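Each of the two complexes below includes chain A, the first together with chain B, the second together with chain C.
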Partner chain A sequence: MPSERELEISPIVQESLIHNSRTLYNLQSLTASLFGISAGILGLESYSGFLFYLIFSLLTAVLFYLVRVAPSSLAAGKSPLDTSRYFRGPFEFWAGGLMNGLAGFILTWTLLYGLVRA
Partner chain B sequence: MTFLSKAITAFGGLLLAHACYSAREHTALQSLRAATAASLTSTPTVATSLPVDIILETIISTFVILLGLVLGTRPLRPIEWRVWAGKIEREGEEGFTDNSGAVDKDFMGNPFSAFESRPNFVDIRKQRREFAEWVQKGGSEATRYYAGSTR
Partner chain C sequence: MAQVPVQTIHRDPQLFYWILFPITIVMILTGVLRHYATVLMASAPKKLDRKTMREQRALLHGINVRGNYHVLSKPSFTARRDALITAYESGAYLKDPDARGQPPPNPMSDPSAMEGMMGMMKNQMAMIIPNTLIMSWVNAFFSGYVIMKLPFPLTVKFKSMLQAGVATKDMDPRWMSSISWYFLCIFGLQSVFNFLLGSDNAANQMAQQMTQMGPQAGQMFGPGIDPNKQFLAEAENLAVIEHHSVLDGVEQRLLEAVKV
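Let's look at the complex of A and B:
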């Protein structure tokens, strides 16, 4: 997290920040429901379901990085896996989706599990 | 680009629906078989897990939909002011389009446009020269240009 002094030297555009966060948030909540559907079809239970969610959330972040962040970020001279061109901190990008989509994941997981196994 | 992502997502959705139906049918068949076996021999049969092809189809279709959704996300914008303003300066509207090529609705252009178009710095002689050429030509393409710029 940059200090106030660094923010004064290199200011940040709020609209871009909001736009990027909203793009990521939309993707994460959509894909979390999707992962719930496939976890329900597979009939996963307890820890293996959450492990499935964890793995696919990380995969989402990596794919999103490769498609949207990496081409211009690497061209601008940032090191690989550095998202500071588009996002505040690395934690928000790589792990923020875990909390955003958890409710949607459990909802569709239990629903599809009940539909398929009942 | 937007057509590609939608086609990939639709294809993955088809695969996922098929996998879901297969899993449903498989469990229905398993429970039926278990019920008949229990009534005939009274030995409890263990419920087998899904066949490998359904598992593979589910995971692959999830991955395909995920790919389609990621390809369908809107392009990001740089958050640092100097990078962002430089991108506007270099690329203009073309740098702020969504996947289908339309300019974003909240694109507001150069942040320094008010600063750069101060009346004190208008080149009035150049504008008069251009106006004189336009009057001499009376051309149609000049009319369109001025109608666009004065509005």
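Let's look at the complex of A and C:
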């Protein structure tokens, strides 16, 4: 964590941080629904379905990092996989999607599974 | 351990068209309707008279000076602090300086306070009424149907929740009735609303409850709060600040950064 003095010298703009988090949240909830649709069409059940969700939401986070965060973050001298230039904490970025999208994932998974298989 | 055979239930495919899709569509449309109803019902912020506005802005001024004192130089910060503390303690910014020290009026008797409560009531109503209506609608028309199978197994505990209205003892808890599809929709449709209405929509009641639990910014000037006390507390906060500036030692930092 940066100290109070460092924050005063280079302040963090709260609005931009909120905007970043909201963009990330939109992406996560939308992709979670799409993963649910694909899991339902593939007819995945129980563990394989949740595993599918876990892998693909992590993959989304990695892709988001590579495409949007990494170019300017690495140029600013941050170490690889460090998202502190744009986001509050690493946990929010890497694992937040699992929580945010789970309900949407289960909804579309159930719906498509019911339509295709059962 | 004997393998439990997978239960299959033959259902009419028409169930999807007459139960699943109507519930889903109605849920989505209600969310959209709720969003636009909230947008339309939102009362414009009330116009404050000059004195009230001055009182609130003076307090905000103090708070901002306290939060950002490090960008001010020492003499300019001291000048601001002295002026603010004097004004706060003498009550120069108060709406009616005569009412100092008297107990605040009953918030129920203040008409502006009633307005705020009415707004909250309206929001609550916009949430509760559609929910009750749709739930009773689902219960009245679609109870007792088994429509779908969850793609993941659950323990028996969930049976009473998922299969409400279907009193079958040995049925796998994975089968779900229409009312549980309704609950699934309540929790899972937020992403659909995000997609349809933008991310700061008012369509989902779950998200609204989340924000209501958070701290409310409007509470600072709420009714029943004595502004005089707020001013005195803010004066004290300002008085204890030990000033330093971001520009302290900036030459040193610059030289370190340049590194000839």
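To be clear about the criterion, the second predicted complex is superposed on the first by the 107 of 118 C-alpha atoms of A that agree within 3 Å, B and C clash if a C-alpha of one lies under 4 Å from a C-alpha of the other, contacts with A are read in each partner's own complex, and residues count from 1 in each chain.
The rule is short, and it goes like this: contacts are C-beta pairs under 8 Å (C-beta built on N, C-alpha and C of every residue); 3 or more make two chains touch, one makes a residue touch a chain.
Quantities reported herein were computed from a predicted structural model and do not represent experimental measurements.
Q: After the chain A overlay, clash or fit between chain B and chain C?
A: fit
Q: Is A:94 touching anything from chain B or chain C once the two structures are fitted on A? First, second, both or neither.
A: Once the two structures are laid over each other on A, A:94 reaches no partner at all.
Q: Once chain A of both complexes is superposed, is A:108 in touch with chain B (first), chain C (second), both, or neither?
A: Touch partner of A:108: chain C, not chain B.
Q: Under the stated touch criterion, which partner chain does A:30 make contact with: chain B (first), chain C (second), both, or neither?
A: In the superposition, A:30 touches chain B and chain C alike.
Q: Taking the superposition on A as described, I'd like to know which of chain B and chain C A:116 touches: first, second, both or neither.
A: In the superposed model, A:116 contacts chain B only, not chain C.
Q: Is A:44 in contact with chain B, with chain C, with both, or with neither (first, second, both, neither)?
A: Touch partner of A:44: chain C, not chain B.
Q: Mind computing the angle chain B to chain A to chain C from the CA centres, in steps of 10 degrees?
A: Value: 90 degrees, nearest 10.
Q: Minimum Cα separation, chain B versus chain C, post-superposition (Å)?
A: 11
Q: On chain A, what residues does chain B touch that chain C touches as well?
A: 26, 30, 115, 117
Q: Can you name the residues of chain B that touch chain A in the complex?
A: 16, 19-20, 23-24, 27, 49-50, 54-55, 58-59, 61-63, 65-67, 69-71, 73-84, 106
Q: Which positions of chain A touch chain C when the two form their complex?
A: 8-9, 22, 25-26, 29-30, 32-33, 39-40, 44-47, 49-50, 101, 103-111, 113-115, 117-118
Q: Which of the residues in chain C end up touching chain A in this complex?
A: Those residues of chain C that touch chain A are 16, 20, 24, 70, 147-153, 184-185, 187-192, 194-195, 199-200, 246, 253.
Q: For the complex, give me every residue of chain A touching chain B.
A: Answer in residue numbers: 10-13, 15-17, 19-20, 23, 26-27, 30-31, 34-35, 37-38, 41-43, 56, 59-60, 63-64, 67-69, 72, 76, 85-88, 112, 115-117.
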